[in-house]
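Both complexes shown next keep subunit A, but they swap its partner, so subunit B is in the first and subunit C is in the second.
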Partner chain A sequence: MQLVSACTKTLLDSRGKAAAMEKFSISILLIISLLPFLCSSFSQESPTDRRILVLLDDFSLKSSHSIFFSSLKSRGFDLDFKLADDPKLALQRYGQYLYDGLVLFSPSVERFGVALDLAAVLDFVDSGHDLIVAADASASDLIKSIATECGVDFDEDPSALVIDHKTFAVSEIEGDHTLIAADDFIQSDVILGKTKIEAPVLFKGIAHSINGANGLALKVLSASPSAYSANPSSKLSSPPSLTGSTISLVSVMQARNNARIMITGSLDMFSNRCFRSGVQNAESAIKYDKSGNEQFVAELTKWIFHERGHLKAVNVRHHKLGETDEPAMYRIKDDLEFYVEIYEWSGKSWEPYVANDAQVQFYMMSPYVLKTLSTDQKGLYHTTFKVPDVYGVFQFKVEYERLGYTSLSLSKQIPVRPFRHNEYERFITTAFPYYGASFATMAGFFIFSFVYLYNK
Partner chain B sequence: MARSTSKDAQALFNSLRSAYAATPTSLKIIDLYVGFAVFTALIQVVYMAIVGSFPFNSFLSGVLSCVGTAVLAVCLRIQVNKENKEFKDLPPERAFADFVLCNLVLHLVIMNFLG
Partner chain C sequence: MLARTEPINGTAKPKPVSSPMNNFKSDLLNSFSLKSLKLKTKQQELLIRVSILCLVYVLAFITRLFSVLRYESMIHEFDPYFNYRTTLFLTQKGFYDFWNWFDSESWYPLGRIIGGTLYPGLMVTAAIIYWTLRFLRFAVHIREVCVLTAPFFASNTTIVAYFFGKEIWDSGAGLVAAALIAICPGYISRSVAGSYDNEGVAIFALLWTFYLFVKAVNTGSLAWALASAFGYFYMVSAWGGYVFIINLIPLYVMVLLITGRYSLRLYVAYNCMYVLGMLLAMQIRFVGFQHVQSGEHMAAMGVFFLMQVFYFLDWVKYLLNDAKLFQVFLRITVTFTVGVGAIALGVGTASGYISPWTGRFYSLLDPTYAKDHIPIIASVSEHQPTAWSSFMFDFHILLFLFPAGLYFCFKRLSDATIFIVMYGLTSMYFAGVMVRLILVATPAVCLISAIAVSATIKNLTLLLRAKNKVAQTASAKGIGSAKSSSKGLLDQSQPFHRNGAIALLLGAFYLLSKYAMHCTWVTSEAYSSPSIVLAARGAHGNRVIFDDYREAYFWLRQNTPPDAKVMSWWDYGYQITAMGNRTVIVDNNTWNNTHIATVGCAMSSYEDEAYEIMRSLDVDYVLVVFGGVTGYSSDDINKFLWMVRIGGGVFPVIKEPDYLVNGEYRVDKGASPKMLNCLMYDRARGVEIGNKDVKLEYLEEAFTTSNWIVRIYKVKPPNNRW
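For the complex of A and B:
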């Protein structure tokens, strides 16, 4: 008996160990299989450290633009530098994207490496990822067509640069006024940050304009009214096609899936040289020790990579005034309360979003009620209103679209029923004459029958 | 010509009055009752025209009670009138009983529809 028990004990121990080994390896396998899901793109739930693919024409850009790249790294991005025509280039593997953002600092590339082309870049943006495209005087058709797909048209003349004879940057070396000092920024605290950019931004490159049919592209930095796009080394034979403030130097586009794209015609704008140099506007003659490039680029890339201006609205709740749980149906002329929480991603965490112009609609083919939501400054928005005198299937709709913010579009359906037959008021005041007339007729009939019968 | 037509109208009116004075009292009572019912109906219609037809069912029931009882009274008058050859064999008590029963049903319906 004891031997048997001892044997079974040892057997069980060894089997236990084997089972433990099995369990261990299974758990290892599970953890490994979950790893791909941990490095997903900017999803609302896990916007953590993100990988960015930087495509360059040649690796000297790594050193000439080192301040820009190191500032990105210090904000928590993993940069992956590759040559634009590297044959081993791949944006996705086995259907999963390897990167969350793409920076194209390769203006002269004619064809990307094997796995990447115009359609692949556009699919990347369509799936919600961000893109920065910088062109310069050597911009190829591929880069220009990427920009056109995003709603921005570069100047077709391949030798044209932006020239400005009034607001150029005073410098000893460049005398053809192609290095311009631009300060016509878009008025938006979300896109460019709260701190005003004092010094102008140095720009040297090609011009683009926003396609008039595109409603989603914005000019972040426009050229001054005296700028034009032409070849600096030849005489103008005809008036230039792009002039004045229609020339955009830096544009952004926020797609409807909230992917953000930045397009600019100057790769030099990101360079260490422009970051460090002082700038003096030829027109106003104020000398600044440091150009506004570093601040401008830093703030704008913060917006591009969703560290600012990315909203989410969660937790839509509603209930009848005085109750706490959500009913499945309302009755006409009920009083109800509506709550929604709106947060903004700050780069590290979801902060409460504070605004006084969010509105909710009670909508059935047209808004019957439109109320501005009041906030408690901690991200909770609420309002109270009376259900209209119409029955049907309504929706609570929150549609919020502001310059520089992602668009919010929520709707929650709720039916509204009319009064039940016993929910009307018992005696309707306007019907009293009818009640009176009926009773008067009955009394009249009663009296008449007496009079008629007993009339001799 | 105008004077003659007005004189004719007056003569017509006087002859109507004298003929009417000759009708039996019971018929005159019925006529009075019909007049009261129609007058009440007219008041309700004027009120609806002013205020609007909001509880339409109440309006209909009020007007129907007046009009219905007037119609029943007219039927009673026809059946009870001795000069009417058609109803010579109908006892007037039977006519009155019909009148009372129909009015009862009418007012039952009215109370239900009044809301």
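For the complex of A and C:
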């Protein structure tokens, strides 16, 4: 009897333990399942970057460029400063990226720390993260090759700087005209914000050009037609390789996965000195108290870190006119309605995106229908059209690529079938003579047989 | 009949074995023996006949089961997978959905209207068998039904062969024909268990239609003609080979008309069969209005009208007593009808109402046509002209018995034997043009050979028996004059007859048993491997099974997104859709040459050009077959020249000489530079690799099966940063 009770007791005990264990494991499961949300890098829901790794050549940059960094911090970014050759440097741990963005303010670094190299940086970009690369006259091969991989070629001459004898920035001391006051901005409100940048941007650094084979890179700030790239301290022996407005001072590239990259040949552009100083273009009489650098850099980083110009298209729906359920297949000549919702990220929330140029294609190897979508101003776009008289596997395609915006590329496959055997018109008016003829023949044959057989 | 052959009898007398003579005798002997053992013999004979037929029926079924016993109950080859998939669809969704099925998983992105582009006979047959079994509470899976449909119909064919043989010769020939066709390799090649293809039921339908038509011609009965029209309908629903029927029968009728064998029986049989058969055939969506619109069917229509003219002339002749007047009338009528017919045909063809002959039809009449004009037809190995060895392989002694049988047929010409002679000769010609048409020739060859065997053996045994009889009845009295004449004949050749007959009988027996052994050997060794699973002998003589195809398809099914598109050479299309359940770009239904050429073009271009094509077709995976490791010979590099030819037929950028070295096709180091750099070469390299360490820029390897036979590559998305 006692034995039995003891047994039941242990049994109960173990049951209690099991229950506790279960609770524990459930909570662990919960945490694990939440983990991706807690530490997701480039979430679909809020595309703005949060954690940014800044790699520096030495920590003195932290103070000399403090305005730039503090403006980032005030916008809510977590900045993590590391020396570029820090041996413990790592972008990812256990396959998860630790950062959403990378700022390379280390132009002279020849090698990064152990776990970081060219391929790692490119992988970082290819998995959808953003990158800012700033070079200067001491730019290393590593930095140049990163730029090359992103479709931008720095001037090969290591001692060359951008020189402009016409649009240089006027300063007290007569310099070698390498400090340029550039104001040839890209015409895009999305990239540079709605407020016009009045003052020129001070730039001192090396030139680069966009690789013609790359269709994704853009010049955001170009040099004036009188600029060229050469060594300012030596005499020009041969014509400079890069001249005029082919020289790009600041370029951006939006990769196909919407990772954004900014490349500039001037690290000084971000410095406190350039932010603070006044500027006067040698060609114009207006003298600005403050250079355009701060506004330019702030607006551009907003774009780079997805605070602006990030679109998403969701809820692609389609159905037959007058129905609500989405069919698995359409029939030729069906009338259908197509919906898609497009939102723009404002930095904090998704706002309806309003435009009148979004189009949908009904596509099978080539577009059969191309319709402009009409919007209800609340993000919902819609249109109606008739399925063409061609069967096959079609796609609804929304390809929306506008300057500065993330490219939207949606496709939804839908087969289109021909008529079923019983969907054709059964009796056609024009065919009545044929119906009449066949019935008349039948009747005639019957009568004839009857007469022939019994008329004797 | 005998009366007709009587005069020949006289001339054939000197020959030791003369068939009509012996037939004549046999009739006499039959009547004689029936006198003494009347009922008993009849019953015995019936019993023997039925039991032989039963045995043949069972034999035909079980000899086709090698593959099931050796491997497993599965579908073979390529096309049967499509048939299986459609049958599955039919049993699951019902007939109307099947009829209207638009398949979006093949021929991406064009899709294929399955219901309107297949011959539904096979699927409907299998589904009906399945439903019947289900109704009888047999819980079978549709796959088992599909696997065993072909053997079942092969068994039925033997029965039809028996009746056909009986119709054209006698029941002995029928029995021999049934036995021959039951194990003939030419037929087994397309009807082993698992070979779930149209031909499986179509040969049955073909022979059935022919039998019923001959029966209708012999009897002149509307009912038989109607039955043959329905047989024709079944044939049309089952196989594109029905074109053979609709051309052979008019040809036969023409021959009868020319040889002056026109009769009312023929008129009834042909008209009823043609008109009803045509109307019924139009119910098959795939055939549609071809009977009135396509050039291939015009012969039948022409003969139909000719029959009416004949009938009309007969009637006029009956009304007009004046022969001269009739001659004039005949001339006018014939000129007029021929003129009208020619004009109608010319206008129809010119206006496009009557479509010209298709390439396949041309290539039958001119074997070199396909090679020059339509590489896609020529690329199929079973469309190649037949080698002599395969005739021997598929027919064995039938090849020698066939002419002998023709001889017997000519000896005893009748409407029925003329038919079988024409069937045999035309189908033999077609079998020479295309390997696969050996199948169509097989029943004719079996029937004609059966006539030879049956007639010879019958004659020989009669000789033996007759002698005994003569010995026995020599003392007996009361023998008619006919008897004495035959006795005289026997006496004339007595010294050699007995031994010669025994020797010949033994020889025939030896040959036939050799035939049976050959057939069994061929069936077991050559025709029972399911090609989707490869078997080879290992180093120690043990059997090694390469199940790479199914492994690859299973991988596709499990590891790729459901809407992934797979590009492969079209051979594997059906299997990928049926087993891998993934969308394919091209498959074995080669209805769109341009689309196949696009794939051929992609396979034979440089990788970057191919990438463009693959992007435009939304290809996600590329599947290639690689024989380099296992020495599997029918891999994609083997088929490569066809890809080049087919691709080059539509896209002139692809030129065959670019891939050849001094007119030779080489895959090793000596291969041409274009060859070495094209996509296909990267995918499926030969054994001696001419270009090692291939690096792929736009593709990455996704999966390779355990024996490296199937390799699947994933098409990379466009470069992220460029």
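Here is the rule we go by: the second predicted complex is superposed on the first by the 381 of 456 C-alpha atoms of A that agree within 3 Å, B and C clash if a C-alpha of one lies under 4 Å from a C-alpha of the other, contacts with A are read in each partner's own complex, and residues count from 1 in each chain.
Following the convention adopted for this analysis, a residue touches a chain if its C-beta (ideal position, glycine included) is under 8 Å from a C-beta of that chain, and two chains touch if they have at least 3 such contacts.
All figures in this text were calculated on a predicted structure; none of them were measured in a lab.
**Student:** In the overlaid three-chain picture, which partner chain does A:149 touch, first (subunit B) or second (subunit C), both, or neither?
**Tutor:** second
**Student:** So, does A:453 touch the first partner subunit B, the second partner subunit C, both, or neither?
**Tutor:** Touch partner of A:453: subunit B, not subunit C.
**Student:** Touch check for A:257: first (subunit B), second (subunit C), both, or neither?
**Tutor:** second
**Student:** When both complexes are superposed, which of subunit B and subunit C contacts more residues belonging to subunit A?
**Tutor:** C
**Student:** After the superposition on A, what does A:114 contact: first (subunit B), second (subunit C), both or neither?
**Tutor:** In the superposition, A:114 contacts neither subunit B nor subunit C.
**Student:** Looking at A:236, would you say it contacts subunit B, subunit C, both, or neither? Reply first, second, both or neither.
**Tutor:** A:236: touches no partner chain.
**Student:** Which holds for A:444: it touches subunit B only (first), subunit C only (second), both, or neither?
**Tutor:** first
**Student:** State whether A:286 touches subunit B only (first), subunit C only (second), both chains, or neither.
**Tutor:** A:286 contacts neither subunit B nor subunit C.
**Student:** Report for A:364: first if it touches subunit B alone, second if subunit C alone, otherwise both or neither.
**Tutor:** second
**Student:** May I ask you to decide whether A:216 touches subunit B, subunit C, both, or neither, giving the answer as first, second, both or neither?
**Tutor:** second
**Student:** Considering the complex alone, what residue numbers of subunit A touch subunit C?
**Tutor:** 122, 125-126, 149-151, 213-216, 253, 255-257, 259, 261, 329, 364-365, 391-394, 413, 415-418, 420-421
**Student:** How about subunit C: which of its residues touch subunit A in the complex?
**Tutor:** The contact residues of subunit C facing subunit A are 96, 99-100, 102, 104, 108-111, 113, 285, 563, 583, 616-617, 717-722.
**Student:** Where on subunit A is subunit B touching in the complex?
**Tutor:** Counting only subunit A, the residues touching subunit B are 428, 430-431, 433-435, 437-438, 440-442, 444-445, 448-449, 451-453, 455.
**Student:** Looking at the complex, which residues from subunit B come into contact with subunit A?
**Tutor:** So the residues of subunit B touching subunit A come out as 25-26, 29-30, 33, 36-37, 40-41, 43-44, 47, 51-52, 54-55, 58-59, 61-63, 65-66, 69, 73, 96, 99-100, 103, 107, 110-111, 114-115.
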